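Once you scroll down, you'll see the structures, which are given as structure tokens.
You will see subunit A twice below: alongside subunit B first, and alongside subunit C after that.
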Partner chain A sequence: MPRVRKGSEMKQRDEIVVLTDAVLITCIVQRGVADTVVDAATEAGAQGATIFYARGTGVRQKHLGVLGITVNAEKEVIYIVAPSDHADHIFERVYVAAKLDTPGMGMIYMAALEKMATYVPPEVAARFGQHD
Partner chain B sequence: MTEKVLQRRLRYGEFLSAVRVKQRRVSYKEVHADAGRKPRMQRLRLVDLHRLLTPYVSLRFMEQLRAVVPLALFLALFQIAALRADVLQGELIAFGMLAVMLGLMFFMDGVKYGLMPFSENIGFNLPNRATPAVVLGFAFLLGGIATLAEPAIGALRAAGSSVDPIRAPWLHLLLTRYPDRLVMAVGLGVGLAVVVGMLRFFFAWRMKTLVIATLIPCLALTAYAGFDPRLAPIIGLAWDCGAITTGPVTVPLVLALGIGVAAAAGQEDNPLAGFGIVTLASLFPAIAVMLVAIGLVAEVPDPALLLPIVGAGDTLPWWEQTPAGELIAALRAIGPLILLLWLVQRFLLGDAIKQRNLIGYGVVVAVLGMALFNLGLTVGLIPLGNQAGATVPAAFSAGSNGAALYPYPVGIGLTLIFAATLGYGATVAEPALNAMGTTVENLTDGAFPRRLLIQTVAVGVALGIALGVSKIIFQWSMLPLLLCAYTVALGCTLLSSEEYVSLAWDSAGVTTGPVTVPLVLALGLGLGRAVGAAEGFGILAMASVGPIVSVQLVGFWIRRSAALAARQER
Partner chain C sequence: MTEPNQLPPLRGEFRVITCVMPAGRGAELLEVLRREQGVVSASVHHARGIGTHSLRHRVYSDEKQVLTALVAAEQADAVFELLYHAAGVDVPHAGMVMMGYAFRGAGTEPLPEMAEDIQ
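What follows is the complex of A and B.
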């Protein structure tokens, strides 16, 4: 069982609560699909998502032939930060929802994050990180 | 042991990772090394094809659906509800409408992939690498040949049969015996317009000067033709031609060249660079057609003496000419354009053609789409417009089957409201106008909002169409109408500022799309036949003046209220 250690000591008032065991899931899909991805991820337990607009090419040019025109080069990139034990589930749900098993639909990858920080409610932070 | 496992408290995440889909780990290094050897087409499952094609096709089809269906429904419902007449051959017309939508969908995609890459490349490179004379020559050819590929031009060829050969003999002659001459004249006019538009970039002429310099000879020629009884019926057609020419092929192709020339002439970042050519392209063809008509009158002193055309009266059922007939027509329309672009790209620029299979796809799809559209035009759009036009007079005049449906003033009012609504609806649905509205909103820093522009243009078109329809119903002469309308437009142009002049004149050209033009043309012709007018042209010409005047009037109003606000602040 991975040890949950969300937070640090609460001795000083100007400390930063740093979260570990976080995973970044990045999903690249065609323009307009991001909402599907975010919905699937939220349902699977993600707490939020960030969407970028981008342009990109890949399979479209090389392998799809004339069908390549159906793939929009305008993309949306979705960042989802998830706790490491939920990440695999979110990864899977997004893969299915975005239909990534079809060529040209996009890709998804995840990577461990060393640490992240955001607003953590003080009472939550107080409950964790006491035992170091 | 089992008990111990059961009693252990599981975290939800752990539970999830236990029941997840099986993952098989494969090294990307190995996959990549394998794929690098020979790139090949993937084997696609059916569901993959569906996922790839369905969103792509439905998006494009919906675009056409939104433009076509409301108009067609409005026409059909008006005919059924207000005129109490059934739509004849409803299934065939519905089939034709489907063909129109599919045809336009394919055609627009074909233009995007088959023609635009060429024309963007040529527009970008040619002005730098060739002498101005070559650029102008190319501009001329491009304008002329692109006009032939315009989908709406097919409607013109189909219009001849409904002209009265006794009362408008030369017009009938021009449309039935020499339609190629007419189309050539229109092409020539657009070609010249594009050349003048390019010269404008070289010499930085003002739009206002150009409009006035073109409009005055144009009006003079109209007046000359209008006082000649042999030529008078042709003016309506001549002015309508201008509205037909500026469609979804010519405008983007010519704009691509225009932007390149403007950049080469050192006018980079001029936001108004795109405007202007569309305007000229609707005035020059009118001049060209009138000149051709003058030549025709001199050449054939008495059309009644000419032998009738052999086979002209034959009415082949449409399937006997289809699909070969439509396909050949489409090839004749698009072939020359592709050839021109390819020759220039290959020999003048010496550039290799990239992405051959995409361009091949575009060309094939454009030809197919054009053929489908032509089919839909003859089976769906034109019969629908014709029927609507033919049944409308029943509202106010006693027809063959008894008394009028409504008292005379009510009937006339209903007809005019119908015409205005048709024009308004068709304009609001026009995607090109929407795009223009956004551009204008940005250019004027929000002083002329997008919605205001669309509404202004739509009201202008609605009034114009109502005016054109009343011209046919009351059989007014075209000359005073045109002279009055364009004199008002000229007056507005003299008083307006440069931006509003470009804007107003271009919005007139933008509004008349490939669905509206055949529909309105057919409506006019059917109406003309039903009320016994010599010819039913002129509605489109009036529909073009409407927005020219209305946009400039709103321009005055915006400037005045801005000035008032400034004074109040002080």
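What follows is the complex of A and C.
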């Protein structure tokens, strides 16, 4: 969940506070690595993460040779929503913590969100006011 | 084999709406989406959510469900608002709704026999 910060573009529409400067970071790692990713992300400033399991298929046996058998096909997928001006920092910290520079360890990508909505305390929403 | 009249759709304007919500509401929400917005291109899976109050202290870990819906761009705002209220993410630590982009999609049209049920 992105922090509500001064400078965020927020809109009040039918009682929904919409944040428009958020980014979704998706990280796919081998099963068991998600906690490392979440720890790195929270230390970097992320306020939360959503984790679920998946099964990965790919070219690991063909191109990684004997290393391919060490890659677990069971994956964990981590969603992290972050403010766009903070997302690169979180991305880089997760990249390093999950050793994603090593082939077969997984992947990470970042995509812009048009908008997102979650609970924002009324006093915080009031501080930012309303605008279209 | 693809028939000439069954070519995949061309590029267009789509939105991918993802809703992280408390576990147990997924199936009900799929039905709400179908009934009220005619959205049949949605799926739900389980997840676990981790959140923090402060930057350094993990304070909760919750069972969640994640709903992902592909919708036409012109319908996206209505679906977004419906999900926000119906999924109950308007309370603390419940979850969030987010909307991203897709530029080619299929499977968003309901079957003709389902169209009659849509309010």
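Of note:
What we mean here is this: the second predicted complex is superposed on the first by the 113 of 132 C-alpha atoms of A that agree within 3 Å, B and C clash if a C-alpha of one lies under 4 Å from a C-alpha of the other, contacts with A are read in each partner's own complex, and residues count from 1 in each chain.
By definition in this document, contacts are C-beta pairs under 8 Å (C-beta built on N, C-alpha and C of every residue); 3 or more make two chains touch, one makes a residue touch a chain.
In this text the structure is predicted, and so the values were computed from the model without any measurement.
Considered on the superposed subunit A, subunit B and subunit C are sterically compatible, since they fit side by side. When the two structures are aligned on the shared chain, A:Val94 is found in touch with neither subunit B nor subunit C.
Using the contact criterion defined above for the overlaid structures, shared-chain residue A:Ala40 touches neither subunit B nor subunit C, since it reaches no partner.
Geometry note, superposition on chain A: angle between subunit B and subunit C about the Cα centre of subunit A is 90 degrees, to the nearest 10. By the touch criterion stated above, A:Ala112 is placed in contact with subunit C alone, subunit B being left untouched. Of the two partner chains placed by superposition, only subunit C is touched by A:Leu24; subunit B is not. Of the two partner chains, neither subunit B nor subunit C is touched by A:Ala125. Measuring only between alpha carbons, the smallest separation of subunit B from subunit C in this overlay is 14 Å. Subunit A residues in contact with subunit B (one complex) as well as with subunit C (other complex) are 1. Of all the residues in subunit A, the ones that touch subunit C in their complex are 1, 14, 16, 22, 24, 38, 42-43, 45, 47-52, 79, 81, 111-119, 121. Taken together, the subunit B residues at the contact with subunit A in this complex read 11, 13-14, 16-17, 20-21, 39-42, 44, 47-49, 51-53, 55-56, 109, 113, 357-358, 361.
Within the complex formed with subunit B, the residues of subunit A that make contact are 1, 59, 62-71, 83, 85-86, 88-89, 92, 99, 102-105.
Considering their complex, residues 15, 18, 20, 45-52, 55-56, 58, 64, 66, 76, 80-81, 84, 89-101 of subunit C touch subunit A.
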